[in-house]
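In the part that follows, the structures are each spelled out as structure tokens.
Heads up, the next two complexes both have chain A, just with different partners, chain B and then chain C.
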Partner chain A sequence: MNDSLFTPETPVIHTAGLCKRYGRKLALDHLDLQIPRGGVHAIVGANGAGKSTLFRVLLGFLPPSAGSATILGRDSARLRPQDRARIGFVNEEHTLPGWMTVAAVTAMQRHQYPGWRQPVFDEVIGHYHVQPAQKVSQLSRGERAGFNLALALAQTPELLVLDEPTLGLDVVAKRAFLESLLYSNAATDGRAACTVIYCSHQMEEIERVADNLIILERGRLKHMSAPDDFRARVTHWVADIPFKAPDPAQVPGLLEQQQLDGLHHYLVLDQDDSFGRFLRASGARSVQSMPVSLDRAVNSFLAQHHAAPIAA
Partner chain B sequence: MSRPQPLMIQIATGDARPIVKQIVDAVRLKIATGELLAGAQLPSVRGLAQQLTVNPNTVAKAYAELTAEGWLDARQGLGLYVATPRQRLSDGERERRLDDAIQRFVHEVAALDYPPQHALARLDDALRVLAPKKLA
Partner chain C sequence: MWDLFKAELLRFRGWAIGIAGLHLLVLGFLTRVVDLGQQPWLVHLAFGIAYGAVGGLLGLYQMGVYRRPGTWLNLLHRPLAPARTAAALLAAGAVLLAFTAALPVLVVAGWQAGMTARVVDARHLLLALAGLQIAGCGYLAGAYAMLANRRHAAAGLVFLAWLPAMNAIGLAALALQMVALLWLLALVMLAFQPDLGAPPRRWGAVLLTALPLQMGVYLVLLLLWFGVEMLWIMQGSHPNNRAVPAPGGHNELERLDDRARLLAGLAASASPDAQRLREQVALSEPMGIAQQLRLLPHTGELTNVKPMAFDDTQRRVRWTFSHDSMRLQGLSLVDGRAAGTLGVGAANAAFPVPVLPIGRQPFLAQGDELLAGGNTLYQYDSLAGRVMPRLQLPAGELLLGVSMLGAHLGALSDKAAYIIDGRLLRNPGQGLLQPRQRVPLPGPGRFGDLSDLTLIELVDGHLFSCSFTRFAHDPRGVPPYQVLLRTDDAGQVQEVARRAVGFDYPALFRYRAWWSSPVMSEVLDRARALLAPPDALRATHPAPVPRDVKLLAAAMSLLAALAAAWRVRQLPLRWPARASWVAACVLIGWPALVSLWLLVPAEEGVDAAPEATPRPAPPRALVA
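Moving on, here comes the complex of A and B:
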């Protein structure tokens, strides 16, 4: 590994001022992101937040419009085959040559990756009904997902990048996929467990697997922490305000508000007990607060700036 | 080689309680209700993580919290065991139990018709025997 300046302290992903422009739209907008080595990192964001574009730039499939991107300490635009051998990638579509048989694809990958571990491949593929003689085009989406993950894990990557890996999988396939990810990937033979970066819209899944939650919005980094720390930033308040409720523009940290059965519900960001005092000062007769689920927290955070039809 | 006792717990995603907290609460409840007895071995971090399909780091965090609170004991190289009960009662609960004990003592002693000083002296002696052990 002396061919690159990569130490355990080097972030596996490092972008600085990274921009990617499609016509007049900035898919990545001066993105500064550092992902440390180890653990499972989940990237969430609304559709079009720049997740897939980020992966394509990081893997050198797309040139950045501005700024820099490094992966495992190497410039993304100048990855060599030996660098790619250290990175596993499973894309959203699970694209593999449809005309090849499973056995042929496996043989090709085994030949290409020096760190190939057959037992890992066998263990992961064992969760799916995939026959070696089958053509890739004959596999279902879930089977292709499992096959793709088995290939990626067997190459013993230091970094595994997964773009919406469980999209469209049935419940059994999804569970098998998560188990493979979490437990086949554990530290073995004295080598460190690989770092997993994955994007998904499935909060229940992220809650189970992620060590770190990264929120992108319109190509920018909005938040990065352990999922539970993010959840703790959002609180749900219910106030009984008999007269006029405060102007939404004046409500500190407001993410979402609703009026249900005459009560005002507020989801707010980074507010402590002083928010209760604010509501009382705004005429609330009673005020109650409670924590929210991760799903609700992320949802309201993203809803804040989500595209919506202009209100009538 | 003893086998860990199965831990029959459920976690729910989408709950306002983080998964770490759900595991901590569930284990505490099992111990408090006597479903898990002192000395019982808990599932391994990896085992429980697989059982619940959660990240092993989440289970490790929950176990660390339970150990720090004195509910579990780590035995070097062997795993985690339910600790022998120590003071885990809330202040209010301790106070209530002390009241009960005093009431029972007073009712018993009243029927024996000793002067209060005599009973107090004997009680004092009995408690002093306990004290040095506690301090050691």
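Moving on, here comes the complex of A and C:
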């Protein structure tokens, strides 16, 4: 595809049957994913879900075992330098050359990126106590994360990929990072807002920033919608069942089941009031339902197939 | 790109200064103790290994830090072509190596040239370039080892093995080092891609990678054979380890003492004088002609066969040969100042070839010295302060050594042995000595095959025993044999005995390097000899390859080709590539097959897509 075919309707990321095998393990399993342009798209998944592998394939650093992947309309395996100028990437390691000073790294990025905007850099870096003469190795983890984000945003990318950028940051640094991201993405200055792919395990961050929630599990796409829409799919039912509770295998849409203080707690997916009737039919004396937080909804969704130790 | 280059220089600035300082310190210390320009090849080899190691460590560390997944992504995910990023990093490495390896050599050479009377030729200054290129090869080999796919990352080491093995000298050696450097650079540039570890795809890239890889596999094969020989030695039946060598074999002949060797040769003689000669062997003292020159010096060579200098203890002057002036330069041992130059004869003419001192002989006056170069023996006359030619062999022959043979002087060339009347030796001004006898080395073997030359003086001449067994264990050597020659006072040479000597090693073992891959064996020999001057001292008369060895080589190639034909069917290759690989295995054998397995990975199999599950519809575009 060439640039003239990349229209506002073209997905920024498009994979078709994308597979990546590491030995016997399939890190990406026939992944079909289309991420539209604009907004903040959060990707969540358990460890080993394939998130980092997906990014490395999309950026051309890993060849797929099968299938195809395009990013900003370009084949991932054939990204040109001018394509990379349009894509920003920040990962949890915040790997920057430790022996260079902040000023030297900034100058290098400024020279290399034709779309560099110094005001954006100054605005973001202003949230952090970073001196130009400091060496990168002397920065704290939070300062390095903020510096990395400032560098990425100042490039004015069309697509910004953030792979667990707040990992290891304290609460204050995390907050500063998110505020910088939100503020910078909102301020357009006459240019198009960039599309952000935000990968994290922190649901409170997702709730705060994401317009779209994408759930990956074992290399497959499990869900994609607005966060509230997903949260609405999961309900918490509490039932007082005096006798034997229904067999978990018979419970429709079951994500999680617990018994606390004699009450049975069910987290279920895509169930309406008919679930209450099911519980009553199973012997429940009283039934109550309530919404769940996004964090609980996602965790229970991902935990249903998670490995667990065999009960003693 | 410029920013990256500066950043890399900054990164290693401290190390570069430290290593350059240490290098300068070592050279500075050594140059106060010895004349670094006159050190033999082994010393230069040690320095070369050090330069290569420093370069290798730099390449391994520099690229090792970058090849971590996150760091590699950060390095290459920028609007800069990978080749330019690589160029910036490698250029910085080159500058660092120039500063640490080459600059100290130039500084010390400059000091020696400007502040001392020692000989500093242009070839010595070129040592700085050689050091830089060797360090550069180590650097690139280390970088490639870090960046390339693990399956063939060691291929760059082949070039490091080539550097000390090549026989080219001077500018030719520098040119071949540059070839190695450029090839390694090409390999590194091929490996410097976002997808680290991706195998080469285009045919040019495959060739550039496959050829050194195949040579590397072949060298590993030779190492394995070495291991087999070690096991054979440990087992105790190795020909070299047997307490009693096999009768009639070349080991037996080599282990005999001189007298027994002469008698063994006479045992096969049909000459009517054989019995009388045996009696004279029992009475006479066997002698030999020493070979002072085991390697020949060449004009412009970067290293030295041995120090090209000798001391005149009478005049207290050290004379050192200069390749630039082709004359001896004097240095006073008293005050270290220049003490003139010496050429040939009264005209102080330039020597036609570099000369080496070959020690003193009893007939020389105190302070005199013998020098050898080309076909001429020179005598340095300390009293006259002059160098005069004393013995000139026929054109095309190389004088290799002289020894006193009783009252006479013996001389050895690559083609013959000479006896010079001892009464002619005392007067250096008498002009060129004329040999009384010339004994051509009996063919078909050449000088490289000669393992022993022993002679005894007869009543009316000499009896020579020539053994040609040096490479009897090797495909290079002539089939071993021994010849006895008898000379008389009239200068006539008569062959009195010739006997074939048995091989102690079976043919399949002797030719193991050949049948493993005839093509690679030939390539290895040619790589060593590329651009090298002919070496008469190593010239041999190899026997034709035995038929059963050829059959074995053909069988090995066929097996490799069949295995390749089976393997390529499993690989994602088009038919021209498949055919090329099978043809390579026919031609090159098992090294090509192993390189196929290492270079072309099998396709990553992926099962069919799982049952169709409802795919979430993509949300509407969120662009305002």
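Structure notes:
Quick note on the criterion: the second predicted complex is superposed on the first by the 305 of 312 C-alpha atoms of A that agree within 3 Å, B and C clash if a C-alpha of one lies under 4 Å from a C-alpha of the other, contacts with A are read in each partner's own complex, and residues count from 1 in each chain.
The definition used in the following text is that a residue touches a chain if its C-beta (ideal position, glycine included) is under 8 Å from a C-beta of that chain, and two chains touch if they have at least 3 such contacts.
Since the structure is predicted, the reported quantities are computational estimates derived from the model, not experimental observations.
In the superposed model, A:Cys19 lies in contact with chain C only, and not with chain B.
Applying the stated contact rule after C-alpha superposition, one finds that A:Leu178 touches chain B and leaves chain C untouched.
Looking at the shared chain after the overlay, A:His223 reaches chain C, while chain B stays out of its contact range. When both complexes are overlaid on chain A, the residue A:Thr70 reaches neither chain B nor chain C.
Of the two partner chains, neither chain B nor chain C is touched by A:Asn299.
Contacts of A:Glu207 after superposition on the shared chain: chain B is touched, whereas chain C is not. By the touch criterion defined above, A:Pro291 lies against chain B but remains apart from chain C after alignment on the C-alpha atoms of chain A.
Between chain B and chain C, the partner in contact with more residues of chain A is C. In the superposition on chain A, A:Ile35 contacts chain C only, with no contact to chain B. Overlap of the chain B and chain C interfaces on chain A comprises residues 39, 211. Within the complex formed with chain C, the chain A residues making contact are 8-9, 11, 17, 19, 21, 26, 29-30, 32, 34-39, 56, 59-63, 65-66, 77, 79, 81-82, 84-85, 87, 89, 91, 93, 95-97, 99-100, 104, 107-108, 111-114, 192-193, 211-212, 220-221, 223-226. Those residues of chain C that touch chain A in the shared complex are 2-4, 6-7, 10-11, 68-74, 76-81, 194-196, 198, 604-606, 609-610, 615-624.
For chain A in complex with chain B, the touching residues are 39-40, 175, 178-179, 182-183, 186, 203-204, 207-211, 227-228, 231, 290-295.
Of all the residues in chain B, the ones that touch chain A in their complex are 13-20, 46, 49-50, 53-58.
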